[in-house]
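Both complexes below contain chain A, partnered by chain B and then by chain C.
Take a look at the complex of A and B:
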């Protein structure tokens, strides 16, 4: 058997250790700790009790983002009757980054309208699942996307708990993800509210610092007893989102298309259970299995040594 | 081929032509020592080739269409169902069924179980080709496949699970290529590469274990990004990676049993005595490994249910389906393997292996497609998607067969020791 002298042992140990450290620490840095969001990030509070379903926000979004002309004009209310696959209401698409849906609720006089777009999570699942780092959470609060590096694996669409990102499946040459970017390039960067917020005629949405919006939401709930549901959707859901929602007391969130079972943990926290074992496997496995090898073949080794003598 | 074998034909297994000191040329080796005319004759005689021809006539235009008209034309990929059969079958099923490479490498090289040697190379080849074609499936599915190297060199997202999968599959592919270099060297008559690989085989094997543990697990961990979409019975933040890793062990070994059975049945002319005489004994050895992995998997599956306290869900419709998956895909093969071992019957073990492979397919397709979006609606793959999957899988079988016919996998190269 080849003799292991001290120098070769040290050399081998150092190389393995350094490699393990380099790989292990890089992974660990990403796997531990919580981000929790930028302190001064902006957000929008959507008070759905005020929405009249005029779809002005949809039109404003379409114009601001230079999206293609829709099949039906924006003042056509028949879209509320539309159903996609599975009897589900309309959703965000590559041609519409925001949609308003109507919900008829039993025992409620008027229908409730729900505006929907990317919620711009504090710790976005799309961002953390992207293996080319195409997504960025800007300090202003927007989750933006760089289509020049996107490979098209579509894990972000699997990861998004709100089913927001859309994909241009019809393009063969340059398919990309399409979603609301909170008008980052044209407005948010300069401190201005997104186009949909500014266009709303009924003051459904309030643009402001996220922390202020949370206080405002709770104040509204307190000031109007019996009117609002006590849950501010997005304050804590999936780790908190930049867009938050208020609904009326008689129209609970789970009846108007919101998933209320997502929990308060950001999506990445579920993945950390796996990420945490990565440095462990990388560092312990080589030693462990080489040890197994030495144990398993010890009889051969002894035989060989005796043979040499 | 069987006809030729009956006539006394012996395929190439030496560097020199028998009787004369003239080496085989590369072209002659590729034709297995047959004349071009005879080679074509045996191709035409094989009914499987006619099936493949049909698959190609229908499939190739559809595949070209996928790249010309885009994914939307070829698949039912949607905003709600971003992934379809290409990944559901090609990545999530192919990869666990290819775990045999690292399993056999570990058994023979690391644990020193030389008695599994006759099947080691088949295990390695099954691993290499499975991974290679998983990448082919991935390339068909990616929106912009020409950007495949972006996560490696252009724009890195190292905290993402898929980043780990990309790097590990790439590294592991090279490890598996290196592990099969000896087989290619024997065919080509090279000496140095084989010796080189032999000297680092332990390192390669350990690397194989690390990479396999992590990327088999990572495929499971990909679904931990979707806690609200995958049904809770199939979802477990803590155990998902271990479910996928542990099940890949019996998946890979069962696939190896299936493949070796097919090889013995249909490529009997290429198998030597070392392979055929040892096969029943090794099959039972593999069956033991499968049984142990299956019972571990069953227990850890139950642990996950207990951990998240989901017993109540077992009584729902999805719960019944879950119980069916466990009974058919885990308990049934486990009992069959146990019976095979008790009666020392390789036949039963082979039957168990088929069930185990089907069970894995069921589990992976369930997680990726069927119980995914259980709150929304069911998606049925587009027929073009199915055609492309059959096309790529047929290519996999063709390449697999071509390798088995030529490389010293099922037979020993004359004058060489393994």
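Take a look at the complex of A and C:
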């Protein structure tokens, strides 16, 4: 008989483990049929090489969405010096669904400005994470949400790979999540571009069918060799987003605050299997374990009943 | 008033175009008022003659191929190496104010002209064309260097008369 020593035991374990993984991943591939987004959805291509940092988009957003008065005027450029903890630049808040940040890049003559707002993912992690189904991805491309059902759990804020959803910390009674909705109610629904896009005096943003924008983006890269970075951010990142970006050759995405390590899988694919179990756990487990409990304590109950008699 | 002036410029342009001489620059010996943003800003006076002088009569610096001088962009040349002056060489002759109207969107995305897709709007054309040159040549490049804000503009940008009252704590952009 073959003697099982420590080494062969570990070897066997490894083989079995690998086999289990292979089976598991095969299953995963079957389970994660990708949605890939609505075919005719609209999008915005942001060409950051053209942004002049005038903040007109911020002002337009504020007016269109009836947001509260800003802390500083929209023509005040000192906001570019503002930094949060850890030296991070400004982010979206309950009072500002879009912000423009300035990046000084070594070896580049002019600073680069980056507009930041919800990227309206093809398969949004916020939508997946929301347990009250407040979020909807519309066929037009916008990721909108129903504020009236939001319970303020802030799970979407954790789920979002871009840290977009903001929270009404100022509201003590009914705090909810707030973010850009691509002007869905007032504009996108009627075929008009978001307010920021139309207001931009520099033509930074192009509004159109997402598929058209992708080809336009690649054409711009091709037509201007040496001018653009060859990555169209959002074409494939996190499974694709409705808002996509072009940056300059000498200002790579990771130097202007973009996370280039998010991968091309939609966030949902990492948690799909687990999330499918959640409703089952929530509905079956209480009944099941209540049953177990009743069974286990049945004798005592009968005894008690008899004792009372 | 503005309408009248625009009409006048229009007539001057037409007259110049129709003239047998067709001299470069004759069309606009006037100072133009650029008012594509007139809702938020007062018109910007643009001295066309001065700019013609600055580019040494090379109209293509701003007008691509539409003014009859040889196109500069390597992409433009592929089709427009020998293009004559167009019927309407003005900026607004090609660059629409509202590029996002249903009609213009259709025109813009449906065009067969490869490099004319997603053409910038009039204001975008101004800023993309003028500003880069202004920055490179140390010409005025700040927003208020060229624009005076209107009352509507001040309200839109929450500035001037409509500026927010400064808070004691300036670090407003909170959140972690």
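Assume the second predicted complex is superposed on the first by the 241 of 309 C-alpha atoms of A that agree within 3 Å, B and C clash if a C-alpha of one lies under 4 Å from a C-alpha of the other, contacts with A are read in each partner's own complex, and residues count from 1 in each chain.
Simple rule for what comes next: a contact is a pair of C-beta atoms (placed from the backbone, for glycine too) under 8 Å apart; a residue touches a chain by one contact, two chains touch by 3 or more.
Not measured: the values here are computed from a predicted model.
> Determine, under the contact definition given at the top, whether A:290 touches first (chain B), second (chain C), both, or neither.
first
> Does chain B (first) or chain C (second) touch A:50, or do both, or does neither?
second
> Please indicate which partner A:192 is in contact with in the superposed arrangement: first for chain B, second for chain C, both, or neither.
Only chain C; A:192 stays clear of chain B.
> By the touch definition at the top of the document, which applies to A:212: first (chain B), second (chain C), both, or neither?
second
> Tell me which touches more residues of chain A here: chain C or chain B.
B
> According to the stated criteria, A:59 is in contact with first (chain B), second (chain C), both, or neither; which is it?
second
> May I ask you to decide whether A:85 touches chain B, chain C, both, or neither, giving the answer as first, second, both or neither?
both
> With both complexes superposed on chain A, which partner does A:171 reach: first (chain B), second (chain C), both or neither?
Only chain B; A:171 stays clear of chain C.
> Examine A:254 and indicate which partner it touches, taking first as chain B and second as chain C; both and neither are also allowed.
It touches nothing on chain B or chain C.
> Tell me which partner A:227 touches in the superposition: chain B (first), chain C (second), both or neither.
Neither partner.
> Report, in rising order, the residues of chain A that make contact with chain B in one complex and with chain C in the other.
85, 91, 93, 166-167, 169
> Per the contact definition, I'd like the list of chain B residues that touch chain A in the complex.
67-73, 75, 77-80, 82-83, 106, 109-112, 142-145, 147-148, 150-151, 154-164, 166, 202, 205-206, 209-210, 213-214, 217-218, 220-222, 224-229, 237-238, 240-241, 375-377, 379
> Report the residues of chain A in contact with chain C in the complex, numbered from low to high.
50, 52, 54, 56, 59-60, 62-63, 69-76, 79, 82, 84-85, 90-91, 93, 110, 166-167, 169, 191-193, 197-198, 200-203, 206-209, 212, 216, 219, 223
> Quick one: in the complex, what on chain C touches chain A?
It comes out as residues 37, 75, 100, 102, 105, 109, 114-115, 117-118, 120-121, 123-128, 131, 135, 143-144, 149, 156-160, 163-164, 166-167, 170-176.
> Can you check the complex and tell me which residues of chain A touch chain B?
Contact set of chain A toward chain B: 26-27, 30-31, 85-88, 91-93, 125, 128-134, 146, 149-155, 157-159, 161, 163, 165-167, 169-172, 174-176, 259, 261-263, 267-268, 270-271, 273-275, 277-278, 281-282, 285-286, 289-290, 292-293, 296-297, 300.
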